[in-house]
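As structure tokens, the structure follows; a few thoughts come after it.
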Amino acid sequence: MSFQPVKFYQTGTFTVGNRLLPPEERSVQSDSKRFNSINSGHRACQGCGEALGARYAIDAAMEAADGRIIAANATGCLEVFSTPYPETSWQIPWIHSLFGNTAAVATGIAAALKVKGKTGTRVVAQGGDGGTTDIGFGCLSGMFERNDDVLYICYDNGGYMNTGVQRSSATPAAARTSTTPAVGAEPGNVFGQGKFLPAIAMAHDIPYVATATVADLRDLEAKVTRAMEIRGARYIHILVPCPLGWGTASHDTIRMARLAKETGIFPVFEAEHGEIKSVLAIRRPLPVEDYLRPQKRYAHLFGKQPRIDVIAHLQAQADRNIRKYGLQARKGGH
Amino acid sequence: MDKPFAITLDPGSSLANHTGSWRTFRPEYLDRLPPCNATCPAGENIQGWLFHAESGDYEAAWRSLTENNPLPAIMGRVCYHPCEGACNRQHVDSSVGINSIERFLGDEAIKRNWQFMKPATQSGKKVLVVGAGPSGLAAAYHLARLGHAVEIQEAGPYAGGMMRFGIPKYRLPREVIEAEVQRIVNLGVTLKLDAKVSSIEESMQAGKFDAAFLAVGAHIGKRAYIPAGTAAKMVDAISVLRSMEGEDKPMLGRRVVVYGGGNTAIDVARTVKRMGAEPIIVYRRTRDKAPAHDFEIEEALQEGVMVKWLSTIKQAEEGEITIEKMALDDKGFPQPTGEFETLAADSVVLALGQDVDLGLLEGVPGLEVKNGTVQVGPNMMTGHPGIFAGGDMVPSERTVTVAVGHGKKAARHIDAWLKGTTYAPPPKHELAGIEKLNTWYYSEAPHVVRPMLDILRRQSSFDEVVQGLDESNALFEARRCLSCGNCFECDNCYGVCPDNAVIKLGPGKRFKFNFDYCKGCGVCVAECPCGAIKMVAEEN
Amino acid sequence: MFQVRIHGRGGQGVVTAAEMLSVAAFDEGRHAQAFPSFGSERTGAPVVAFCRIADREIRLREPIMEPDAIIIQDPTLLHQVDVFAGLKQDGYILINTSKTFDQLGLGDMVRDWNPARLCTVPAMELALKHVGRPVPNVPLLGGFAAVAGVLQLESVIKAIEERFSGKVAAGNVAAAREAHAIVKAEMEQAVKGDVTHA
Amino acid sequence: MLKQMEGSRAVAEAVALCRPEVICAYPISPQTHIVEALGEMVKEGALASCEFINVESEFAAMSVAIGASAAGARSYTATASQGLLYMAEAVFNAAGLGLPIVMTVANRAIGAPINIWNDHSDALSQRDSGWLQLFAETNQEALDLHIQAFRLAEELSLPIMVCMDGFILTHAFERVDMPTQEQVDAYLPAYSPRQVLDPDEPVSIGAMVGPEAFMEVRYLAHAKQMEALKLIPAYAAEFKAVFGRDSGGLMHTYRSEDAETIIVAMGSVLGTIKDTVDEMRDSGHRIGVLGITCFRPFPVAAVADALRQAKRFVVLEKSMAIGLGGILAVNVRMAVTGMGLKGYTVVAGLGGRAITMKSLHALFRQGEKDELEPVTFLDLDWKAVNKQLEREKAHRRSGPVAEALLRDVGIVGARNY
């Protein structure tokens, strides 16, 4: 288990910083001289989970690699809001090529570094769920299969938010998007479709696969740090709520991620060579309704005639996650 | 490098894009009033001193504490800690044991002989403090710190007032009082014992005092009319407790009936129990209606004190009393039932409240006395200019904590009065209610229970019943503080900002917003554990 | 310019044969161009490869439609594919077989042919004998050196040794030499008129 | 050193001499032999300091090359036909980012109907991608062009396709003069990237560019290609100085000095054309040849100069702008705009259809007499075509075209020889 939360010290390791912790146990994000790999002035929406997740992850990778990171970035929100000519928010060497080829571009960078003997410089590829689970899946699977020395980070906000909130294969069931409107007998995205990429990544037997959310910074940082200790293909899937696409208040971004984890909707775990090594247990269990209700993309479930059946179905999905990954809250929390 | 036009860009150049223009609401840091501070009668900045204790800097914590209260070792034992009743942590698990940490700090200060800092300059003014009880000691301390020459004139042979004469030593060991009084004396306060002030005007003139603070305790036990035979032994509770301080212990016999339901009744009952007697408390109402703190009733019951609830004494004779059973009416008042019972009783101790001896005020023009108390203005000054009063003398709850609060408050007004100005307390912040907090961030941490003396020793000795916390326990308990409403530098705002628009100013300096980039999303407000940020509309 | 077309089946080394032929010519300082029929045929399917040999640069890129010589690596193709299409009158024909032209049913076709240009060699047997594998292409090249006279046997052997190594090279060289001897003997007999293909 | 070898092998050895650092490979006929040979060289250590990556698609192949090139590695890949189309998005991207990748295109037709044989449809479909496109006439030239391409690409910071006819060249065994490592090292300096992903000097590559600068970016790409028109002949001249032979350049003329009719073509068919022209010259025809080596940038001025003295030109191309006629022809016509030349487009050799001297003789004679249609389809089976057109008139459900034609022409007729 890579992340051993500090049990107490007022806020333990739940908050970003903690003056009571020894310096070596403090988070990368709490450092007043942190990298800010993605700088201020980017054009992400107010309360953007992806902007936050990207800084969390890349800063942690930078810390682990002594500031020697090269990133390849898929087309998508992150790319568009961070690098509109003539300004870029990135403070690291960064390249955007296409929507579907990020893993392969990263492979190329890694190959170049290897052949030049620059093994101290590490490669991170990043993209949204569309660029990862859909259009970029072929290249990603190829990168996994070859075990190229790349850390791929997927920022999952459950849809094509950049183009106006269309459905991706990571869009959850029942969620409303522009292409799965909340009309008809089965409003929103259908059940039984979509794919959970971390499990597919694990099926490649790559050295490291993990999930994380922007609500558990220390867990996220520990996973990136762990991933950076390993050579070969690594995959981290980070849930990053999207106020626009989810229809949530801009200030609720982290809260939504927390609810996703605490309800069991989004399992947080890590795996090595295809085997689960640890899970982040639920701390304060909640029904999925608490997670669904604040989101306008599920508003159709809570209309005049609430779709109790659909909510129950989603609860069953969460319960299944809890059983499957062993997410049950443990005594004493964490 | 000679970069290709437009395709390749310089790092971090988006700083040119000031996204602050997107904002319609802006976050603002603020300090809210934590409920503990809001309820502390002594006006302690509890959260403030807990902050230092959390990092293990106990001296800093003690110094912070004693900014408001010079008697933490005493208060850590006898304060009924309304702060803990208000503590927001009770909504998470259980309240922070503030009182136990205060005692730890007080004891630590005695152990390590920490002393108060003397004022840099002297004002040249003289202030007379009448009474060396908590209120007088507190006032003397604060006035001395403000640079005034203070003399306490105490009627009794010891300092401490009602703390010494009204509180048993198993709750408040006398060496604790001695230590904290001595520290105030060391600050430069003159303490005159056995110096009863019989006329305040005379005493002030004699000593050329510029002002006076009257802080005489309620030493006179209230009497009630109970038909009694001549041989019946009846004494008042406060006399019993006072006599415990001298050589001649009271002779009350084996079966002692204590009449009353307040803390003094409990104290007397527990005291006589320790003297080998069998105390029975007789109280006209029920346990939950009793003014005594429940934990003290519980401790008394544990120690073998008997209680007759819903009972009044109708008659006292030698060796026995008659009591009438009562019943509560619809409004919760006890009404006689006509049912009687006799109890064996070698003596009856009346614990029905106390009065203050106001004899020293006779003839002072402008003073107003009502219901046995001196009327004071909001600045604690009596109707006579320059004469202030506090503690048991003024209309208020009579607790050590309230008394200490009066002393501090009066000192500030006296200081202002001496300078010819008025003291205006700073405006209070809005309350940091639980709804302002994001408690998800606080670690699970159950309350530490203070160790208790074993029951046999409690029944037979005057050793202190409730023990202190050890260092690790105190630290743990201090860290349970949620820091409601005040930034404790957890870095959450700094970390969770998607726009890196929070600037970390360094330890103790908190944070500030970089409004060039803050888009006003409000994530910092939502994720601030302690509710120290709020959103305000830009147009305001 | 001398143009050769080789017929065989996928897996019989038809393309290799054409390439080795071009290498042999190159080794003699001549220009040569070998190329396959660019098909996507799999093992067993009829395939064709070509080789041009000339004393100047070969620029022509069209398929060989009027060959000067034809090498048939697999006699079972004779009645399935028009292997003789475009063959010049009195062009060389070399067939991997232990039968005669008559026995192969080709008697009528070659009745007026110069008998010295009609040769057979049991290349499959030679390959099995010397190399241990049923790959008739290399022995046929040895035979071709004898029949067409455009290349020296030693050039072919050099090409074999460039292509293969060790035992395989030695076996192929031996097979090529034996094939060369067989064909040479056939031709000498034909010139003497001892043998007719009728 | 003279060697008799397969064209693919020759190219592979030449690429190896250029010291590539990252090679990405995905198999597609007829490019396979090139990357197979390179893969072997890397694996056995003959090609040191090189990463050979077997990717999962051509799209990935180009993408890996993009990443590697951006990280400062000399990068190479090879493809053909459908593969080139499958990577098309990345092809445009590599050019847009200005990454000097060299790619061999073993020219092959594009389906449907699926066809593995040679024509130029694949490369020409990417003519506007921003890549430089060089067409080899022989395997010697293919080999030489790769050496020149790395130098050109890296100097210009633009990617280059070296196009060679699939099978006809890639699979042909013929004589090549293989240069030495010393020669190549003398000609080709180490790769010094114009932009590179480097933590010591971070940059963001691949920004989103809006209307305010996009046209400028595009113009600059064009300006670079115009610059290439000067560099290409200069580098060819330097090449001759080091290697001792004419290779590359913008174009080659053949017996065109006094020609009234000039045949314009690209790639290996030029050999067959030259043989035909030789024969016609022998019988007194004033005919010559213009071989285009550099299709992108298109050498408009040089082509105009080469054709200025002629009366007519016949563009014989292995490509087709369906619905218009020729692709190369349109480019040539633009070059001679206003010159009063007669021009003919001949679409030939599509999908591997053999282009024979016999047909060329007839064609060129027709051309000389101005008897050609504006667009001619060489050796088209009109009978089969007309039959199908009739069939489609007669039946709504006439079925798939290619299969019907195959039935008509028969299996022997379908042989390409």
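Think of it as A, B, C and D in the order they're written, each chain with its own count starting at 1.
Operating definition for what follows: contacts are C-beta pairs under 8 Å (C-beta built on N, C-alpha and C of every residue); 3 or more make two chains touch, one makes a residue touch a chain.
All of these numbers come straight from a predicted model, not from anything done at the bench.
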Using the touch rule from the top, work out which pair, A-D or C-D, shares more C-beta pairs. A-D
Give me the ID of the chain with the smallest distance between its Cα centroid and the all-protein Cα centroid. A
Subunit A to subunit C: how many Å between their CA centres? 66
Rounded Å distance between subunit A and subunit D, as computed from the means of their C-alpha atoms: 44
Quick one: subunit B and subunit C, Cα centre-to-centre, how many Å? 114
Interchain centroid distance [CA atoms averaged], subunit C/subunit D, Å: 34
Name the residues of subunit D that each touch 2 or more other chains. 97, 201-207, 209, 213
Residues of subunit B touching at least two other chains: 6, 9-11
Mark out which residues of subunit A touch at least two other chains, giving numbers and ranges. 82-83, 85-86, 88, 90-92
So how do the chains connect up here, line, ring, star, complete, or something else (other)? other
Could you list each pair of chains that touch, in label order? A-B, A-D, B-D, C-D
Touch list for subunit D against partner subunit B, complex: 96-98, 157, 194-196, 201-207, 209, 213-214, 216-217, 220
Using the touch definition from the top, list the residues of subunit A that touch subunit D in their complex. 67-70, 72-73, 79-80, 82-86, 88, 90-98, 100-101, 104-116, 121, 138-139, 141-142, 145-146, 148
List of subunit C residues in touch with subunit D within their complex: 15, 18-19, 22-23, 25-27, 31-38, 40, 48, 58-65, 82
Enumerate the contact residues on subunit D facing subunit A in the complex. 21-22, 24, 49-51, 53-57, 59-73, 75, 89-90, 93, 97, 197-199, 201-210, 212-213
Please output the residues of subunit A touching subunit B within their complex, sorted ascending. 6-12, 14-20, 27, 29-30, 32, 36, 38-44, 46-49, 51-52, 55, 82-83, 85-92, 217, 243, 249-255, 258, 283-284, 332-333
